[in-house]
Amino acid sequence: MSGKVVRNIERAALETIDGLGACGVATVHEAQGRTGLLGSCMRPIYPGARIAGSAVTISAPPGDNWMVHVAIEQLREGDILVLAPTSPCEDGYFGDLLATSAMARGCRGLVIEAGVRDVRDLTNMGFPVWSKAVFAQGTVKATLGSVNVPIVCAGAVVNPGDVIVADDDGVCAVARARAAEVLEKARAREANEEDKRKRLAAGELGLDLYDMRGKLEALGLKYV
Amino acid sequence: MSGKVVRNIERAALETIDGLGACGVATVHEAQGRTGLLGSCMRPIYPGARIAGSAVTISAPPGDNWMVHVAIEQLREGDILVLAPTSPCEDGYFGDLLATSAMARGCRGLVIEAGVRDVRDLTNMGFPVWSKAVFAQGTVKATLGSVNVPIVCAGAVVNPGDVIVADDDGVCAVARARAAEVLEKARAREANEEDKRKRLAAGELGLDLYDMRGKLEALGLKYV
Amino acid sequence: MSGKVVRNIERAALETIDGLGACGVATVHEAQGRTGLLGSCMRPIYPGARIAGSAVTISAPPGDNWMVHVAIEQLREGDILVLAPTSPCEDGYFGDLLATSAMARGCRGLVIEAGVRDVRDLTNMGFPVWSKAVFAQGTVKATLGSVNVPIVCAGAVVNPGDVIVADDDGVCAVARARAAEVLEKARAREANEEDKRKRLAAGELGLDLYDMRGKLEALGLKYV
Amino acid sequence: MSGKVVRNIERAALETIDGLGACGVATVHEAQGRTGLLGSCMRPIYPGARIAGSAVTISAPPGDNWMVHVAIEQLREGDILVLAPTSPCEDGYFGDLLATSAMARGCRGLVIEAGVRDVRDLTNMGFPVWSKAVFAQGTVKATLGSVNVPIVCAGAVVNPGDVIVADDDGVCAVARARAAEVLEKARAREANEEDKRKRLAAGELGLDLYDMRGKLEALGLKYV
Amino acid sequence: MSGKVVRNIERAALETIDGLGACGVATVHEAQGRTGLLGSCMRPIYPGARIAGSAVTISAPPGDNWMVHVAIEQLREGDILVLAPTSPCEDGYFGDLLATSAMARGCRGLVIEAGVRDVRDLTNMGFPVWSKAVFAQGTVKATLGSVNVPIVCAGAVVNPGDVIVADDDGVCAVARARAAEVLEKARAREANEEDKRKRLAAGELGLDLYDMRGKLEALGLKYV
Amino acid sequence: MSGKVVRNIERAALETIDGLGACGVATVHEAQGRTGLLGSCMRPIYPGARIAGSAVTISAPPGDNWMVHVAIEQLREGDILVLAPTSPCEDGYFGDLLATSAMARGCRGLVIEAGVRDVRDLTNMGFPVWSKAVFAQGTVKATLGSVNVPIVCAGAVVNPGDVIVADDDGVCAVARARAAEVLEKARAREANEEDKRKRLAAGELGLDLYDMRGKLEALGLKYV
């Protein structure tokens, strides 16, 4: 099942991708019907980054980062590398040399359900990573994996070309074919939230704003 | 057992609360006889915050944040929301809209044995949160819980009106009735530590400062 | 087996230690043949610190920090305290008073497979700590342990006098006797990487730089 | 706060206790309004045991089992030891000698949010234990704790004299004052379930038995 | 995205399913190219069960088992229920009443990335379950999920109608369309292993049987 | 550092080994001064096994079991395989074929800080394993490791030829050179315990048997 590299993958339009990135993970996740979210173990190596891009996926053996080199050749401007090991592993698959190479190909960041290292250098370079671990343990280059095949990363299905949105809240994958629709919903959500934010800031209660009192009473909520 | 909101809870005096906040978690925890500390899974979403306030407690079903809206109405200036789910859950119960609403009611922060989202916005707003997870997964509003009932949050009992102290070391709950006494002990501890700090900084050893050498020798410590 | 303090331990030369510190954990770990790395649970309390020093080791009972006081007397300029509990524990063995005392003796930092507290003060003091937990729970002083005996800390063997290197990637122990040789290899590695970094930044692919295409093809990698 | 032993605690009637034991954890937990359950980390050392008894509680320092000896003197026929360490610990506080002593005093089992050892002997003796870990690491006897004070064990409040029910599903604490009422509800629940069990076994669907179809349709469930 | 029940799903032939069950998880997983395995957190509630069946999938909200009732209506002889919560949850979604109902519909077992309860009864009934937790905490029936939609369960994609194989080694999902082919490969693998088993039992070494010595020497293995 | 196989290792006398096995892990661990215990994550695949043997150690890359084949050639009657991966891994390194081969060489069991599979077969064969996980995920044979070098397994140092004792309580390593001395202490401990067991069974309290009342009172224990 391993040993395959898919060269030509479809990607969403860059305006759509950037629009989703501007909305952020929490909004995009809601707009997509609460699907596509990666597990909470995926944490950024530094705070404040917010990116979106097209997934170039990597399925890699435990402790073997050979396929990262293969994947980098497949990168285009605006892509994000997304790596899932074939069995649980927290080795440091990726460091500053690979980041240098990926950045030279237009890569916007890395999402990896494993470890990363050289995080001080990566931070200084402004190359964001969301990972399960920070771990200096290196990897070998001995066994094949695959590039641009469907993977499950931190519990979420990621297909090559899916839009990845990542920020301090975590990482969300948006199906490529639905990206434009999800963006539209996300923007509607944002507009709607802006009004609510003002009313809540002015002291109006969610109980009234969302008209909840009747339903709560019907279910039996008692004030004592 | 669910579906109860207690409206009128007693709170400690605000000067006591603020005094405890100034002492910080480690000192307050010692001053209270090493009790009341929440588990180490409770981490701040950004470093440097140090707050104290009266607990408005929330017992919420897994994946359901309805009771947060109910609790916000019960907030007064100087309160802290403290949420424990009725079974383990890391969903994102709370984001920037709820924080906007809570801040408008005078809330100083959130302590939640579950997840939180919109952490970049919360950081920018200066609304501190101590949580078990950062997770964009949203919640529903379908099932009742309770507000201002006793809860167990991250292994510690929290009663409504207890003083919550939270900083980079974690979170500690101080029983309301003991708050003034604990503050006194915490301040005495601080005064005592100040002197020790100077002597230790000057190179005096703890072995001598605390007169430990004899006891260590009696227990059989050998230098080789 | 407890109750022993070894007074005179051998240390590596300070220039070797400082050289290793400048190389950082990931490079040193590679240079040492991928050995000596502590587990990924060991995280810094604040980002950006990079230190190296000679290990003064502490084997301590769970929840008992008495031996830290004993160990501080054994510190010399350029040392790092390395503590492993005799059974898993995340109590806060160490806070700002002990740090004050350790700094007065020339200590560069703490590596502890347990908890630490007063992390805001430690951050302000610039005293770096790598720990398994941040936890305000205090400890007692009732039972003996040992100082400067071999320990296993977060899965790695640490002998007294070993060189400890710690940065944002974690912590690595270098056997004292091999320190000079490892430094030489680490520097060679750095020099070698500098050239690769330039070529990768210019867009050259790792596939070509490392001459991987033939081996990948031989193992059966298919492009589709 | 430590160093207290409460000698005379109230207990529920033995028939009530035994009745609750016969109902089992899942039923009792439901009957009590889904409260009192200890966390799922509490697992039995061997399958098939089902016990109930009055809690004799122990608050013990990490790695120190001195208070277990103190608690054993407080045991009466039908009691269960319930131990919570004052900070997280998985040391083996309890083995076959302590079990021999506890059984001689009428103890029915142990619930411990820490470790246990000699599990083969305990199994052969028929002394059931629910614990967070099996770990041969021994403990010391150096520091005081307390006996028969309120504790939080695996996230649940346990007061001395509460009824503890434990089986393959875990452990549940029933407030002593409510024990008779909870038993009544548990038995009603069992009777009610017996009828349902027969109808379900005969092929009737829960959808019909509980009259769910209308509500599901109203909420928008679609069959495709 | 929720609130959908797919009534008619395709299933593999029962002889194929039973053939895969007889091969067991480890062999089937290898035969399928090392794909489809659920995470190691999925453990059987009792040892010795080995089953295979067609997946009837359930996507359920955290702490809400309403969809299990809906799914049971969709069961046919030879099916296995496979449940993934929409966010991490270890509540006890399933107990002996649901098992009674599922068995009456021909269900062979349950695979659930959450909790299960009444495990003593389930064991006595011979209804096998692979779960992430055993937990008596009950669930509500308030929010919709979906039945027979694709899910990710413990890190593996499961489509409705996929063949699920489960035994003491864990759980593996086989794509329905590939089931016959995987069975053929699994049987070939078994036949091949039988011969090897005899030779290894007779003392022949794997080093010779698999002709490894040359390759090991070429890579530099040294005997000292 | 990898790629080394040490052929001739020293072993303890078989009577000593078997004597230690008869004492069991908890007693041996105490007799050795509470050292040598592996972490509590190491659990037996079936209850009731109690073995002792000489360690043939394996340092293996993550997800690569090639060195197990190499190690089997080094086995002698009475040995135990002890495997530590070079980075955390829970893949199934070992199954029934390797067990068949190991048993043919006189191997008594396996201790592995990783995964194992075919556990039903291993149970039926009576080949005991203590592992961190049960996981059907297979491994490759692509990278060298080492055999009979010192390793750290689940937090404990294991040297080749050390005596491994394993039972339901876990696993303990006894330094070869100290094996006879530890056995003597373990037997003394057992003899001593036998007398205590009788007195405790007769109802004597540990408080009196160990003469603890005075010390407890001196430290301030209060009965209320």
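Here the chain labels run A, B, C, D, E and F in written order, and each chain numbers its own residues starting at 1.
Assume a residue touches a chain if its C-beta (ideal position, glycine included) is under 8 Å from a C-beta of that chain, and two chains touch if they have at least 3 such contacts.
Worth saying up front: this structure is predicted, and the values here are computed from it rather than measured.
*Asks:* Please report the minimal path length, in steps, between subunit A and subunit F on the chain touch graph.
*Replies:* 1
*Asks:* What is the minimum number of touch steps required to go from subunit B to subunit F?
*Replies:* 2
*Asks:* Rounded to the nearest 5 degrees, what is the angle of the rotation that puts subunit B onto subunit C, matching CA atoms?
*Replies:* To map subunit B onto subunit C, rotate by about 120 degrees.
*Asks:* If you average the CA atoms of subunit C and of subunit D, how far apart do the two points sit, in angstrom?
*Replies:* That pair's centroid distance is 42 Å.
*Asks:* Taking each chain's centre as the mean position of its Cα atoms, how many Å separate subunit B from subunit D?
*Replies:* 28
*Asks:* Mind checking the centre-to-centre distance between subunit D and subunit F? Centres are C-alpha means, answer in whole Å.
*Replies:* 31
*Asks:* Touching two or more other chains, which residues of subunit E qualify?
*Replies:* 34, 40, 86, 88, 90, 135, 137, 143
*Asks:* Can you name every chain pair that touches?
*Replies:* Between chains, contact exists in these pairs: A-B, A-C, A-E, A-F, B-C, B-D, B-E, C-D, C-F, D-E, D-F, E-F.
*Asks:* Can you tell me which positions in subunit B touch subunit D when the two form their complex?
*Replies:* 1-2, 32-35, 39-40, 86, 88, 152, 155-157
*Asks:* Any idea which subunit C residues touch subunit B in the complex?
*Replies:* 3-7, 46, 66, 69-70, 72-73, 90, 92, 95-98, 100-101, 103-105, 115, 117-120, 123, 133-138, 141, 143-144
*Asks:* Could you pull out which subunit E residues touch subunit B in their complex?
*Replies:* Going through subunit E, the ones touching subunit B are 61-64, 86-91, 135, 137, 140, 142-143.
*Asks:* In their complex, what parts of subunit C are in touch with subunit A?
*Replies:* My answer: residues 24-26, 29-30, 34, 37, 40, 43, 47-48, 50, 167-170, 172, 193, 196-197, 200-203, 205-207, 210, 212, 216, 219-224.
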